[in-house]
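Chains here go by letter, A, B, C and D, matching the order in which they are written, and residues are numbered from 1 within each.
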(Lines give C-alpha, C1' and ligand atoms only; values in the text may rest on other atoms or scores of the structure.)
Protein backbone atom coordinates (compact mmCIF):
# COMPACT_ATOMS: atom_id res chain seq x y z
CA UNK A 1 0.00 0.00 0.00
CA UNK A 2 1.17 3.48 -0.81
CA UNK A 3 2.96 5.00 2.17
CA UNK A 4 1.17 8.28 1.63
CA UNK A 5 -2.22 6.60 1.87
CA UNK A 6 -4.21 6.89 5.09
CA UNK A 7 -7.63 5.38 5.68
CA UNK A 8 -9.41 7.15 8.53
CA UNK A 9 -12.91 7.93 9.79
CA UNK A 10 -14.79 10.87 8.32
CA UNK A 11 -14.40 14.14 10.22
CA UNK A 12 -16.68 17.15 10.26
CA UNK A 13 -13.97 19.20 8.55
CA UNK A 14 -14.11 16.81 5.59
CA UNK A 15 -17.50 18.15 4.59
CA UNK A 16 -16.55 19.84 1.35
CA UNK A 17 -14.27 17.08 0.13
CA UNK A 18 -16.78 14.43 1.19
CA UNK A 19 -19.47 16.25 -0.74
CA UNK A 20 -17.24 16.43 -3.80
CA UNK A 21 -16.46 12.70 -3.69
CA UNK A 22 -20.05 11.70 -3.02
CA UNK A 23 -21.27 13.86 -5.89
CA UNK A 24 -18.75 12.21 -8.20
CA UNK A 25 -20.10 8.83 -7.11
CA UNK A 26 -23.67 9.93 -7.82
CA UNK A 27 -22.53 11.25 -11.21
CA UNK A 28 -21.10 7.82 -12.00
CA UNK A 29 -24.53 6.33 -11.40
CA UNK A 30 -26.07 9.20 -13.37
CA UNK A 31 -28.19 10.20 -10.43
CA UNK A 32 -28.44 13.02 -7.89
CA UNK A 33 -29.83 13.55 -4.41
CA UNK A 34 -31.50 16.58 -2.88
CA UNK A 35 -29.74 19.14 -0.72
CA UNK A 36 -31.64 17.70 2.24
CA UNK A 37 -30.23 14.25 1.60
CA UNK A 38 -26.69 15.63 1.49
CA UNK A 39 -27.16 17.34 4.83
CA UNK A 40 -28.99 14.52 6.60
CA UNK A 41 -26.54 11.91 5.31
CA UNK A 42 -23.51 13.86 6.47
CA UNK A 43 -24.96 14.23 9.97
CA UNK A 44 -25.78 10.54 10.12
CA UNK A 45 -22.33 9.50 8.96
CA UNK A 46 -20.88 11.36 11.94
CA UNK A 47 -23.49 10.31 14.50
CA UNK A 48 -22.01 6.90 15.43
CA UNK A 49 -25.44 5.74 16.53
CA UNK A 50 -26.58 2.14 16.17
CA UNK A 51 -28.17 1.53 12.81
CA UNK A 52 -26.47 4.52 11.19
CA UNK A 53 -24.05 4.28 8.33
CA UNK A 54 -20.47 5.31 8.78
CA UNK A 55 -17.72 6.54 6.49
CA UNK A 56 -14.03 6.02 5.95
CA UNK A 57 -12.02 8.54 3.99
CA UNK A 58 -8.94 7.63 1.97
CA UNK A 59 -6.42 10.44 2.20
CA UNK A 60 -3.47 10.64 -0.15
CA UNK A 61 -0.75 13.15 0.67
CA UNK A 62 -3.20 14.94 2.92
CA UNK A 63 -6.04 15.13 0.40
CA UNK A 64 -9.26 13.05 0.51
CA UNK A 65 -9.37 10.94 -2.65
CA UNK A 66 -11.84 8.21 -1.80
CA UNK A 67 -14.64 7.15 0.51
CA UNK A 68 -16.51 4.12 1.74
CA UNK A 69 -19.97 4.22 3.33
CA UNK A 70 -21.07 1.19 5.30
CA UNK A 71 -23.81 0.01 7.61
CA UNK A 72 -24.28 -2.87 10.01
CA UNK A 73 -27.66 -4.52 9.97
CA UNK A 74 -29.39 -7.63 11.26
CA UNK A 75 -29.30 -10.85 9.31
CA UNK A 76 -31.36 -14.00 9.79
CA UNK A 77 -28.31 -16.15 9.11
CA UNK A 78 -26.32 -15.33 12.23
CA UNK A 79 -26.62 -13.84 15.68
CA UNK A 80 -24.09 -11.23 14.61
CA UNK A 81 -24.99 -8.42 12.26
CA UNK A 82 -23.68 -8.27 8.73
CA UNK A 83 -21.96 -5.29 7.11
CA UNK A 84 -23.29 -3.70 3.95
CA UNK A 85 -20.62 -1.73 2.12
CA UNK A 86 -23.03 0.71 0.54
CA UNK A 87 -20.79 2.95 -1.52
CA UNK A 88 -17.16 2.97 -2.59
CA UNK A 89 -15.63 5.74 -4.62
CA UNK A 90 -12.09 6.66 -5.63
CA UNK A 91 -11.11 9.74 -7.58
CA UNK A 92 -10.50 8.55 -11.15
CA UNK A 93 -7.07 10.14 -11.34
CA UNK A 94 -5.69 8.09 -8.44
CA UNK A 95 -7.10 4.71 -9.37
CA UNK A 96 -4.92 1.64 -9.72
CA UNK A 97 -2.96 2.50 -6.56
CA UNK A 98 -4.72 0.12 -4.18
CA UNK A 99 -6.99 2.71 -2.60
CA UNK A 100 -10.23 0.80 -3.25
CA UNK A 101 -8.70 -2.36 -1.89
CA UNK A 102 -7.45 -0.51 1.20
CA UNK A 103 -10.91 0.93 1.85
CA UNK A 104 -12.59 -2.47 1.52
CA UNK A 105 -10.04 -4.04 3.84
CA UNK A 106 -10.43 -1.25 6.38
CA UNK A 107 -14.20 -1.67 6.44
CA UNK A 108 -13.79 -5.44 6.75
CA UNK A 109 -11.27 -5.15 9.58
CA UNK A 110 -13.41 -2.63 11.42
CA UNK A 111 -16.49 -4.80 11.08
CA UNK A 112 -14.62 -7.80 12.45
CA UNK A 113 -13.42 -5.74 15.42
CA UNK A 114 -17.06 -4.77 15.98
CA UNK A 115 -18.09 -8.43 15.99
CA UNK A 116 -19.52 -8.35 12.47
CA UNK A 117 -17.92 -11.20 10.56
CA UNK A 118 -18.82 -10.57 6.94
CA UNK A 119 -19.24 -7.71 4.51
CA UNK A 120 -21.07 -7.61 1.21
CA UNK A 121 -21.78 -5.09 -1.49
CA UNK A 122 -23.68 -4.70 -4.72
CA UNK A 123 -22.30 -3.47 -8.00
CA UNK A 124 -23.61 -3.14 -11.49
CA UNK A 125 -22.86 -6.19 -13.61
CA UNK A 126 -21.11 -3.92 -16.12
CA UNK A 127 -18.93 -2.06 -13.61
CA UNK A 128 -15.91 -3.69 -15.18
CA UNK A 129 -13.24 -1.65 -13.44
CA UNK A 130 -14.79 -2.18 -10.05
CA UNK A 131 -15.21 -5.90 -10.67
CA UNK A 132 -11.55 -6.31 -11.64
CA UNK A 133 -10.79 -5.33 -8.05
CA UNK A 134 -13.72 -7.16 -6.44
CA UNK A 135 -12.80 -10.43 -8.13
CA UNK A 136 -9.42 -10.18 -6.43
CA UNK A 137 -10.56 -9.37 -2.91
CA UNK A 138 -14.00 -10.97 -2.59
CA UNK A 139 -16.35 -13.64 -3.92
CA UNK A 140 -18.97 -13.03 -6.50
CA UNK A 141 -22.23 -14.56 -5.37
CA UNK A 142 -24.96 -15.72 -7.78
CA UNK A 143 -27.33 -13.13 -6.30
CA UNK A 144 -28.98 -10.40 -8.34
CA UNK A 145 -31.20 -7.61 -7.02
CA UNK A 146 -34.83 -6.81 -7.68
CA UNK A 147 -36.50 -3.62 -6.50
CA UNK A 148 -40.03 -2.33 -6.22
CA UNK A 149 -40.46 1.40 -5.78
CA UNK A 150 -43.85 2.26 -7.16
CA UNK B 1 -56.17 -13.43 -4.34
CA UNK B 2 -57.47 -16.60 -2.76
CA UNK B 3 -60.24 -15.79 -0.25
CA UNK B 4 -58.78 -18.29 2.19
CA UNK B 5 -55.43 -16.49 2.15
CA UNK B 6 -54.54 -14.19 5.04
CA UNK B 7 -51.27 -12.29 5.39
CA UNK B 8 -50.65 -11.33 9.01
CA UNK B 9 -47.81 -10.56 11.40
CA UNK B 10 -45.95 -13.43 13.04
CA UNK B 11 -47.28 -14.44 16.48
CA UNK B 12 -45.51 -16.27 19.29
CA UNK B 13 -47.86 -19.25 18.80
CA UNK B 14 -46.54 -19.60 15.23
CA UNK B 15 -43.20 -20.82 16.50
CA UNK B 16 -43.37 -24.41 15.29
CA UNK B 17 -44.81 -23.59 11.88
CA UNK B 18 -42.41 -20.67 11.46
CA UNK B 19 -39.52 -22.96 12.28
CA UNK B 20 -40.77 -25.51 9.76
CA UNK B 21 -41.07 -22.90 7.01
CA UNK B 22 -37.74 -21.29 7.81
CA UNK B 23 -36.01 -24.67 7.80
CA UNK B 24 -37.52 -25.42 4.38
CA UNK B 25 -36.14 -22.12 3.15
CA UNK B 26 -32.68 -22.95 4.50
CA UNK B 27 -32.92 -26.38 2.88
CA UNK B 28 -33.62 -24.70 -0.44
CA UNK B 29 -30.35 -22.81 -0.09
CA UNK B 30 -28.66 -26.02 1.09
CA UNK B 31 -27.66 -24.41 4.33
CA UNK B 32 -28.52 -24.56 8.00
CA UNK B 33 -28.28 -22.33 11.07
CA UNK B 34 -27.53 -23.21 14.66
CA UNK B 35 -30.16 -23.72 17.34
CA UNK B 36 -29.06 -20.42 18.83
CA UNK B 37 -29.76 -18.60 15.59
CA UNK B 38 -33.26 -20.08 15.43
CA UNK B 39 -34.02 -18.89 18.94
CA UNK B 40 -32.47 -15.44 18.66
CA UNK B 41 -34.07 -14.81 15.27
CA UNK B 42 -37.52 -15.74 16.50
CA UNK B 43 -37.22 -13.39 19.46
CA UNK B 44 -36.02 -10.59 17.22
CA UNK B 45 -38.82 -11.08 14.72
CA UNK B 46 -41.31 -10.48 17.54
CA UNK B 47 -39.44 -7.64 19.26
CA UNK B 48 -40.69 -4.78 17.05
CA UNK B 49 -37.62 -2.76 17.96
CA UNK B 50 -35.99 -0.33 15.55
CA UNK B 51 -33.43 -2.06 13.39
CA UNK B 52 -34.92 -5.51 13.94
CA UNK B 53 -36.35 -7.64 11.17
CA UNK B 54 -40.02 -8.50 11.13
CA UNK B 55 -42.09 -11.29 9.69
CA UNK B 56 -45.38 -11.76 7.90
CA UNK B 57 -47.02 -15.16 7.78
CA UNK B 58 -49.24 -16.30 4.92
CA UNK B 59 -52.03 -18.44 6.30
CA UNK B 60 -54.18 -20.59 4.04
CA UNK B 61 -57.30 -22.14 5.53
CA UNK B 62 -55.87 -21.53 8.98
CA UNK B 63 -52.45 -23.05 8.29
CA UNK B 64 -49.18 -21.10 7.87
CA UNK B 65 -47.89 -21.81 4.37
CA UNK B 66 -45.44 -18.98 3.72
CA UNK B 67 -43.33 -16.28 5.31
CA UNK B 68 -41.53 -13.05 4.55
CA UNK B 69 -38.74 -11.59 6.68
CA UNK B 70 -37.92 -7.94 6.17
CA UNK B 71 -35.83 -5.16 7.64
CA UNK B 72 -35.74 -1.40 7.35
CA UNK B 73 -32.31 0.17 7.15
CA UNK B 74 -30.67 3.46 6.34
CA UNK B 75 -29.77 4.36 2.79
CA UNK B 76 -27.58 7.18 1.49
CA UNK B 77 -30.00 7.82 -1.34
CA UNK B 78 -32.91 9.20 0.68
CA UNK B 79 -33.82 10.59 4.06
CA UNK B 80 -36.24 7.68 4.44
CA UNK B 81 -35.04 4.18 5.13
CA UNK B 82 -35.26 1.45 2.54
CA UNK B 83 -36.79 -1.98 3.07
CA UNK B 84 -34.80 -5.15 2.51
CA UNK B 85 -37.03 -8.15 1.93
CA UNK B 86 -34.58 -10.67 3.30
CA UNK B 87 -36.37 -13.97 2.86
CA UNK B 88 -39.50 -15.19 1.13
CA UNK B 89 -40.71 -18.74 1.27
CA UNK B 90 -43.88 -20.54 0.24
CA UNK B 91 -44.62 -24.22 0.81
CA UNK B 92 -43.98 -25.95 -2.53
CA UNK B 93 -47.40 -27.62 -2.55
CA UNK B 94 -49.30 -24.31 -2.50
CA UNK B 95 -47.23 -22.39 -5.06
CA UNK B 96 -48.83 -20.76 -8.06
CA UNK B 97 -51.72 -19.39 -5.99
CA UNK B 98 -50.45 -15.83 -5.58
CA UNK B 99 -49.09 -16.26 -2.06
CA UNK B 100 -45.61 -14.98 -2.87
CA UNK B 101 -47.07 -11.99 -4.64
CA UNK B 102 -49.39 -11.29 -1.70
CA UNK B 103 -46.48 -11.42 0.76
CA UNK B 104 -44.37 -9.06 -1.34
CA UNK B 105 -47.26 -6.63 -1.66
CA UNK B 106 -47.99 -6.77 2.05
CA UNK B 107 -44.38 -5.97 2.89
CA UNK B 108 -44.39 -3.16 0.34
CA UNK B 109 -47.66 -1.69 1.66
CA UNK B 110 -46.48 -1.92 5.25
CA UNK B 111 -43.19 -0.25 4.40
CA UNK B 112 -44.98 2.59 2.66
CA UNK B 113 -47.24 3.07 5.70
CA UNK B 114 -44.08 3.23 7.79
CA UNK B 115 -42.65 5.94 5.56
CA UNK B 116 -40.28 3.61 3.71
CA UNK B 117 -40.88 4.09 0.02
CA UNK B 118 -39.05 1.21 -1.66
CA UNK B 119 -38.28 -2.44 -1.12
CA UNK B 120 -35.59 -4.61 -2.65
CA UNK B 121 -34.45 -8.17 -2.42
CA UNK B 122 -31.74 -10.47 -3.72
CA UNK B 123 -32.23 -13.78 -5.40
CA UNK B 124 -29.99 -16.30 -7.06
CA UNK B 125 -29.73 -15.74 -10.78
CA UNK B 126 -30.94 -19.31 -11.35
CA UNK B 127 -33.97 -19.12 -9.04
CA UNK B 128 -36.18 -19.43 -12.11
CA UNK B 129 -39.47 -19.97 -10.32
CA UNK B 130 -38.94 -17.04 -8.04
CA UNK B 131 -37.88 -14.82 -10.92
CA UNK B 132 -41.01 -15.66 -12.91
CA UNK B 133 -42.91 -13.94 -10.10
CA UNK B 134 -40.40 -11.16 -9.46
CA UNK B 135 -40.35 -10.15 -13.12
CA UNK B 136 -44.08 -9.54 -12.83
CA UNK B 137 -44.12 -7.52 -9.63
CA UNK B 138 -40.78 -5.75 -9.55
CA UNK B 139 -37.82 -4.51 -11.58
CA UNK B 140 -34.64 -6.41 -12.07
CA UNK B 141 -31.69 -4.15 -11.45
CA UNK B 142 -28.26 -4.68 -13.04
CA UNK B 143 -26.76 -5.17 -9.56
CA UNK B 144 -24.93 -8.31 -8.51
CA UNK B 145 -23.57 -9.07 -5.05
CA UNK B 146 -20.04 -9.66 -3.85
CA UNK B 147 -19.20 -10.88 -0.36
CA UNK B 148 -16.09 -11.15 1.78
CA UNK B 149 -16.30 -13.40 4.78
CA UNK B 150 -12.79 -14.58 5.47
CA UNK C 1 -39.66 -41.08 -22.50
CA UNK C 2 -43.29 -41.20 -23.57
CA UNK C 3 -43.96 -44.28 -25.71
CA UNK C 4 -46.06 -42.20 -28.10
CA UNK C 5 -43.16 -39.83 -28.73
CA UNK C 6 -41.14 -40.18 -31.92
CA UNK C 7 -38.22 -37.97 -32.91
CA UNK C 8 -37.63 -38.14 -36.66
CA UNK C 9 -36.21 -36.05 -39.51
CA UNK C 10 -38.36 -33.38 -41.11
CA UNK C 11 -40.32 -34.54 -44.20
CA UNK C 12 -41.72 -32.49 -47.02
CA UNK C 13 -45.24 -33.39 -45.93
CA UNK C 14 -44.57 -31.71 -42.56
CA UNK C 15 -44.61 -28.29 -44.18
CA UNK C 16 -47.77 -26.93 -42.61
CA UNK C 17 -47.06 -28.24 -39.13
CA UNK C 18 -43.42 -27.16 -39.36
CA UNK C 19 -44.55 -23.69 -40.33
CA UNK C 20 -46.99 -23.59 -37.44
CA UNK C 21 -44.32 -24.63 -34.93
CA UNK C 22 -41.70 -22.28 -36.35
CA UNK C 23 -44.14 -19.38 -36.26
CA UNK C 24 -44.90 -20.14 -32.61
CA UNK C 25 -41.18 -20.05 -31.92
CA UNK C 26 -40.83 -16.70 -33.66
CA UNK C 27 -43.83 -15.41 -31.70
CA UNK C 28 -42.06 -16.41 -28.48
CA UNK C 29 -39.16 -14.18 -29.49
CA UNK C 30 -41.63 -11.48 -30.57
CA UNK C 31 -40.26 -11.50 -34.07
CA UNK C 32 -41.26 -12.59 -37.55
CA UNK C 33 -39.59 -13.51 -40.82
CA UNK C 34 -40.62 -12.85 -44.40
CA UNK C 35 -42.48 -15.30 -46.60
CA UNK C 36 -39.25 -15.73 -48.55
CA UNK C 37 -37.37 -16.78 -45.44
CA UNK C 38 -40.03 -19.39 -44.63
CA UNK C 39 -39.74 -20.88 -48.09
CA UNK C 40 -35.97 -20.77 -48.38
CA UNK C 41 -35.48 -22.17 -44.88
CA UNK C 42 -37.81 -25.08 -45.50
CA UNK C 43 -35.97 -26.02 -48.68
CA UNK C 44 -32.64 -25.80 -46.95
CA UNK C 45 -33.78 -27.95 -44.02
CA UNK C 46 -34.58 -30.71 -46.50
CA UNK C 47 -31.52 -30.29 -48.73
CA UNK C 48 -29.05 -32.33 -46.63
CA UNK C 49 -26.17 -30.42 -48.18
CA UNK C 50 -23.00 -29.66 -46.28
CA UNK C 51 -23.30 -26.42 -44.36
CA UNK C 52 -27.10 -26.48 -44.35
CA UNK C 53 -29.19 -26.69 -41.21
CA UNK C 54 -31.34 -29.70 -40.56
CA UNK C 55 -34.47 -30.37 -38.57
CA UNK C 56 -35.87 -33.02 -36.27
CA UNK C 57 -39.59 -33.18 -35.61
CA UNK C 58 -41.06 -34.50 -32.36
CA UNK C 59 -44.25 -36.34 -33.09
CA UNK C 60 -46.71 -37.25 -30.37
CA UNK C 61 -49.52 -39.67 -31.22
CA UNK C 62 -48.90 -38.90 -34.89
CA UNK C 63 -48.94 -35.12 -34.55
CA UNK C 64 -45.86 -32.84 -34.80
CA UNK C 65 -45.51 -31.05 -31.47
CA UNK C 66 -41.92 -29.85 -31.46
CA UNK C 67 -38.87 -29.14 -33.59
CA UNK C 68 -35.12 -28.67 -33.41
CA UNK C 69 -33.04 -26.89 -36.04
CA UNK C 70 -29.32 -27.52 -36.03
CA UNK C 71 -26.20 -26.86 -38.04
CA UNK C 72 -22.67 -28.20 -38.13
CA UNK C 73 -19.94 -25.65 -38.60
CA UNK C 74 -16.19 -25.39 -38.35
CA UNK C 75 -14.51 -24.57 -35.09
CA UNK C 76 -10.93 -23.54 -34.40
CA UNK C 77 -10.83 -25.74 -31.31
CA UNK C 78 -10.96 -29.13 -33.02
CA UNK C 79 -10.52 -30.85 -36.35
CA UNK C 80 -14.15 -31.95 -36.10
CA UNK C 81 -16.99 -29.53 -36.61
CA UNK C 82 -19.19 -28.42 -33.76
CA UNK C 83 -22.99 -28.54 -33.73
CA UNK C 84 -25.06 -25.42 -33.15
CA UNK C 85 -28.56 -26.23 -31.96
CA UNK C 86 -30.14 -23.13 -33.42
CA UNK C 87 -33.78 -23.44 -32.41
CA UNK C 88 -35.81 -25.65 -30.12
CA UNK C 89 -39.55 -25.38 -29.74
CA UNK C 90 -42.23 -27.49 -28.08
CA UNK C 91 -45.94 -26.78 -28.20
CA UNK C 92 -46.81 -25.20 -24.83
CA UNK C 93 -49.63 -27.67 -24.17
CA UNK C 94 -47.33 -30.69 -24.26
CA UNK C 95 -44.43 -29.35 -22.23
CA UNK C 96 -43.09 -31.16 -19.20
CA UNK C 97 -43.23 -34.53 -20.95
CA UNK C 98 -39.56 -34.81 -21.88
CA UNK C 99 -39.96 -33.71 -25.51
CA UNK C 100 -37.36 -30.96 -25.33
CA UNK C 101 -34.90 -33.28 -23.66
CA UNK C 102 -35.56 -35.96 -26.29
CA UNK C 103 -34.94 -33.49 -29.12
CA UNK C 104 -31.70 -32.29 -27.58
CA UNK C 105 -30.52 -35.84 -27.08
CA UNK C 106 -31.45 -36.82 -30.63
CA UNK C 107 -29.47 -33.91 -32.05
CA UNK C 108 -26.54 -34.78 -29.81
CA UNK C 109 -26.61 -38.47 -30.80
CA UNK C 110 -26.91 -37.63 -34.46
CA UNK C 111 -24.01 -35.21 -34.27
CA UNK C 112 -21.84 -37.79 -32.58
CA UNK C 113 -22.69 -40.33 -35.26
CA UNK C 114 -21.66 -37.70 -37.80
CA UNK C 115 -18.32 -37.23 -36.08
CA UNK C 116 -19.29 -33.97 -34.39
CA UNK C 117 -18.53 -34.36 -30.71
CA UNK C 118 -20.23 -31.41 -29.05
CA UNK C 119 -23.37 -29.32 -29.35
CA UNK C 120 -24.11 -25.88 -28.01
CA UNK C 121 -26.98 -23.44 -28.04
CA UNK C 122 -27.86 -19.94 -26.93
CA UNK C 123 -30.85 -18.93 -24.88
CA UNK C 124 -32.07 -15.74 -23.34
CA UNK C 125 -30.90 -15.37 -19.77
CA UNK C 126 -34.55 -15.01 -18.70
CA UNK C 127 -35.86 -18.09 -20.54
CA UNK C 128 -36.54 -19.69 -17.18
CA UNK C 129 -38.54 -22.65 -18.40
CA UNK C 130 -35.96 -23.54 -21.02
CA UNK C 131 -33.12 -23.16 -18.54
CA UNK C 132 -34.79 -25.52 -16.05
CA UNK C 133 -34.33 -28.18 -18.71
CA UNK C 134 -30.94 -27.03 -19.97
CA UNK C 135 -29.46 -27.05 -16.47
CA UNK C 136 -30.35 -30.73 -16.27
CA UNK C 137 -28.98 -31.86 -19.62
CA UNK C 138 -26.11 -29.50 -20.37
CA UNK C 139 -23.57 -27.09 -18.90
CA UNK C 140 -24.06 -23.37 -18.68
CA UNK C 141 -20.95 -21.64 -19.93
CA UNK C 142 -19.91 -18.13 -18.82
CA UNK C 143 -20.29 -16.90 -22.41
CA UNK C 144 -22.65 -14.09 -23.40
CA UNK C 145 -23.33 -12.88 -26.93
CA UNK C 146 -22.71 -9.53 -28.57
CA UNK C 147 -24.02 -8.62 -32.00
CA UNK C 148 -23.39 -5.87 -34.52
CA UNK C 149 -25.98 -5.46 -37.25
CA UNK C 150 -25.80 -1.84 -38.30
CA UNK D 1 -6.87 4.65 -36.17
CA UNK D 2 -3.14 4.45 -35.92
CA UNK D 3 -1.51 5.20 -39.26
CA UNK D 4 0.90 2.32 -38.77
CA UNK D 5 -1.95 -0.14 -38.35
CA UNK D 6 -2.90 -2.37 -41.25
CA UNK D 7 -5.65 -4.98 -41.19
CA UNK D 8 -5.10 -7.57 -43.93
CA UNK D 9 -5.90 -11.20 -44.74
CA UNK D 10 -3.71 -13.93 -43.31
CA UNK D 11 -0.85 -15.04 -45.57
CA UNK D 12 1.05 -18.31 -45.58
CA UNK D 13 4.19 -16.48 -44.49
CA UNK D 14 2.38 -15.37 -41.30
CA UNK D 15 2.47 -18.91 -39.95
CA UNK D 16 4.86 -18.39 -37.06
CA UNK D 17 3.37 -15.10 -35.93
CA UNK D 18 -0.18 -16.47 -36.35
CA UNK D 19 0.76 -19.45 -34.23
CA UNK D 20 2.23 -17.19 -31.57
CA UNK D 21 -0.91 -15.03 -31.44
CA UNK D 22 -3.27 -17.98 -31.47
CA UNK D 23 -1.34 -19.68 -28.66
CA UNK D 24 -1.58 -16.49 -26.60
CA UNK D 25 -5.33 -16.51 -27.17
CA UNK D 26 -5.57 -20.14 -26.05
CA UNK D 27 -3.44 -19.31 -23.00
CA UNK D 28 -5.92 -16.57 -22.12
CA UNK D 29 -8.67 -19.18 -22.04
CA UNK D 30 -6.34 -21.54 -20.16
CA UNK D 31 -6.62 -24.15 -22.84
CA UNK D 32 -4.54 -25.71 -25.59
CA UNK D 33 -5.07 -27.55 -28.87
CA UNK D 34 -3.15 -30.40 -30.43
CA UNK D 35 -0.47 -29.99 -33.06
CA UNK D 36 -2.92 -31.46 -35.58
CA UNK D 37 -5.46 -28.75 -34.80
CA UNK D 38 -2.84 -26.04 -35.34
CA UNK D 39 -1.95 -27.45 -38.73
CA UNK D 40 -5.47 -28.18 -39.93
CA UNK D 41 -6.75 -24.80 -38.77
CA UNK D 42 -4.00 -22.90 -40.52
CA UNK D 43 -4.72 -24.70 -43.80
CA UNK D 44 -8.42 -24.03 -43.47
CA UNK D 45 -7.89 -20.34 -42.72
CA UNK D 46 -6.09 -20.05 -46.05
CA UNK D 47 -8.40 -22.27 -48.10
CA UNK D 48 -11.09 -19.68 -48.89
CA UNK D 49 -13.62 -22.44 -49.36
CA UNK D 50 -17.28 -22.06 -48.50
CA UNK D 51 -17.95 -22.94 -44.90
CA UNK D 52 -14.34 -22.41 -43.84
CA UNK D 53 -13.23 -19.83 -41.35
CA UNK D 54 -11.01 -17.00 -42.39
CA UNK D 55 -8.51 -14.74 -40.66
CA UNK D 56 -7.51 -11.10 -40.60
CA UNK D 57 -4.17 -10.07 -39.20
CA UNK D 58 -3.54 -6.71 -37.58
CA UNK D 59 -0.08 -5.53 -38.44
CA UNK D 60 1.59 -2.68 -36.59
CA UNK D 61 4.78 -1.26 -38.04
CA UNK D 62 5.18 -4.43 -40.07
CA UNK D 63 4.66 -6.84 -37.19
CA UNK D 64 1.51 -8.98 -36.64
CA UNK D 65 0.00 -7.95 -33.30
CA UNK D 66 -3.56 -9.22 -33.50
CA UNK D 67 -5.92 -11.58 -35.27
CA UNK D 68 -9.57 -12.23 -35.93
CA UNK D 69 -11.02 -15.59 -36.99
CA UNK D 70 -14.50 -15.60 -38.49
CA UNK D 71 -16.95 -17.86 -40.24
CA UNK D 72 -20.12 -17.40 -42.27
CA UNK D 73 -22.89 -19.85 -41.57
CA UNK D 74 -26.56 -20.33 -42.30
CA UNK D 75 -29.20 -18.80 -40.07
CA UNK D 76 -32.92 -19.48 -39.94
CA UNK D 77 -33.63 -15.80 -39.51
CA UNK D 78 -32.61 -14.59 -42.94
CA UNK D 79 -31.85 -15.77 -46.44
CA UNK D 80 -28.35 -14.38 -46.01
CA UNK D 81 -25.78 -16.09 -43.82
CA UNK D 82 -24.64 -14.60 -40.57
CA UNK D 83 -21.03 -14.05 -39.51
CA UNK D 84 -19.61 -15.57 -36.36
CA UNK D 85 -16.53 -13.74 -35.16
CA UNK D 86 -14.98 -16.75 -33.47
CA UNK D 87 -11.79 -15.38 -31.98
CA UNK D 88 -10.25 -11.99 -31.46
CA UNK D 89 -6.85 -11.45 -29.94
CA UNK D 90 -4.52 -8.49 -29.55
CA UNK D 91 -1.05 -8.61 -28.06
CA UNK D 92 -1.39 -7.25 -24.52
CA UNK D 93 1.41 -4.72 -24.99
CA UNK D 94 -0.39 -2.92 -27.83
CA UNK D 95 -3.88 -2.80 -26.39
CA UNK D 96 -5.81 0.43 -26.08
CA UNK D 97 -4.75 1.60 -29.53
CA UNK D 98 -7.93 0.68 -31.39
CA UNK D 99 -6.65 -2.57 -32.88
CA UNK D 100 -9.51 -4.70 -31.59
CA UNK D 101 -12.02 -2.19 -32.85
CA UNK D 102 -10.31 -2.08 -36.24
CA UNK D 103 -10.39 -5.87 -36.55
CA UNK D 104 -14.09 -6.04 -35.63
CA UNK D 105 -14.90 -3.32 -38.14
CA UNK D 106 -12.87 -5.00 -40.87
CA UNK D 107 -14.70 -8.30 -40.34
CA UNK D 108 -18.02 -6.47 -40.33
CA UNK D 109 -17.22 -4.56 -43.52
CA UNK D 110 -15.98 -7.68 -45.24
CA UNK D 111 -19.09 -9.62 -44.26
CA UNK D 112 -21.33 -6.85 -45.60
CA UNK D 113 -19.43 -6.86 -48.89
CA UNK D 114 -19.99 -10.61 -49.00
CA UNK D 115 -23.73 -10.13 -48.50
CA UNK D 116 -23.69 -11.13 -44.84
CA UNK D 117 -25.41 -8.37 -42.93
CA UNK D 118 -24.64 -9.08 -39.28
CA UNK D 119 -21.84 -10.37 -37.10
CA UNK D 120 -21.93 -11.76 -33.60
CA UNK D 121 -19.52 -13.15 -31.09
CA UNK D 122 -19.41 -14.72 -27.67
CA UNK D 123 -17.29 -13.62 -24.75
CA UNK D 124 -16.98 -14.62 -21.16
CA UNK D 125 -19.17 -12.54 -18.90
CA UNK D 126 -16.09 -11.59 -16.89
CA UNK D 127 -13.92 -10.57 -19.86
CA UNK D 128 -14.06 -7.01 -18.59
CA UNK D 129 -11.43 -5.53 -20.88
CA UNK D 130 -13.00 -7.06 -23.95
CA UNK D 131 -16.46 -5.94 -22.90
CA UNK D 132 -15.30 -2.34 -22.44
CA UNK D 133 -14.65 -2.37 -26.18
CA UNK D 134 -17.65 -4.49 -27.18
CA UNK D 135 -20.06 -2.20 -25.32
CA UNK D 136 -18.81 0.62 -27.51
CA UNK D 137 -19.01 -1.07 -30.89
CA UNK D 138 -21.81 -3.61 -30.55
CA UNK D 139 -24.94 -4.58 -28.65
CA UNK D 140 -24.99 -6.98 -25.79
CA UNK D 141 -27.80 -9.47 -26.28
CA UNK D 142 -29.55 -11.29 -23.42
CA UNK D 143 -28.28 -14.61 -24.77
CA UNK D 144 -26.11 -17.00 -22.79
CA UNK D 145 -24.58 -20.24 -24.03
CA UNK D 146 -25.10 -23.83 -22.94
CA UNK D 147 -22.98 -26.70 -24.18
CA UNK D 148 -23.17 -30.48 -24.07
CA UNK D 149 -19.99 -32.35 -24.80
CA UNK D 150 -20.27 -35.67 -23.03
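Miscellaneous remarks
Note that a residue touches a chain if its C-beta (ideal position, glycine included) is under 8 Å from a C-beta of that chain, and two chains touch if they have at least 3 such contacts.
Worth saying up front: this structure is predicted, and the values here are computed from it rather than measured.
When the partners of chain A are compared with those of chain D, no chain appears in both lists. As a whole-number value, the distance joining the C-alpha centres of chain C and chain D reads 26 Å.
Centres computed as Cα averages put chain B at a distance of 47 Å from chain D. Taking the mean of the C-alpha atoms as each chain's centre, chain B and chain C sit 39 Å apart.
Contacts with at least two other chains are made by residues 125-126 of chain C.
Going by the touch rule set out above, the chain pairs that meet are A-B, A-D, B-C, C-D.
By the touch criterion given at the top, residues 125-126, 128-129, 131-132, 135 of chain D touch chain A in their complex. On chain C, the positions that touch chain D within their shared complex are 22, 31, 33, 36-37, 40-41, 44, 50-53, 69, 71, 73-79, 84, 86-87, 104, 108, 117-126, 134, 137-149.
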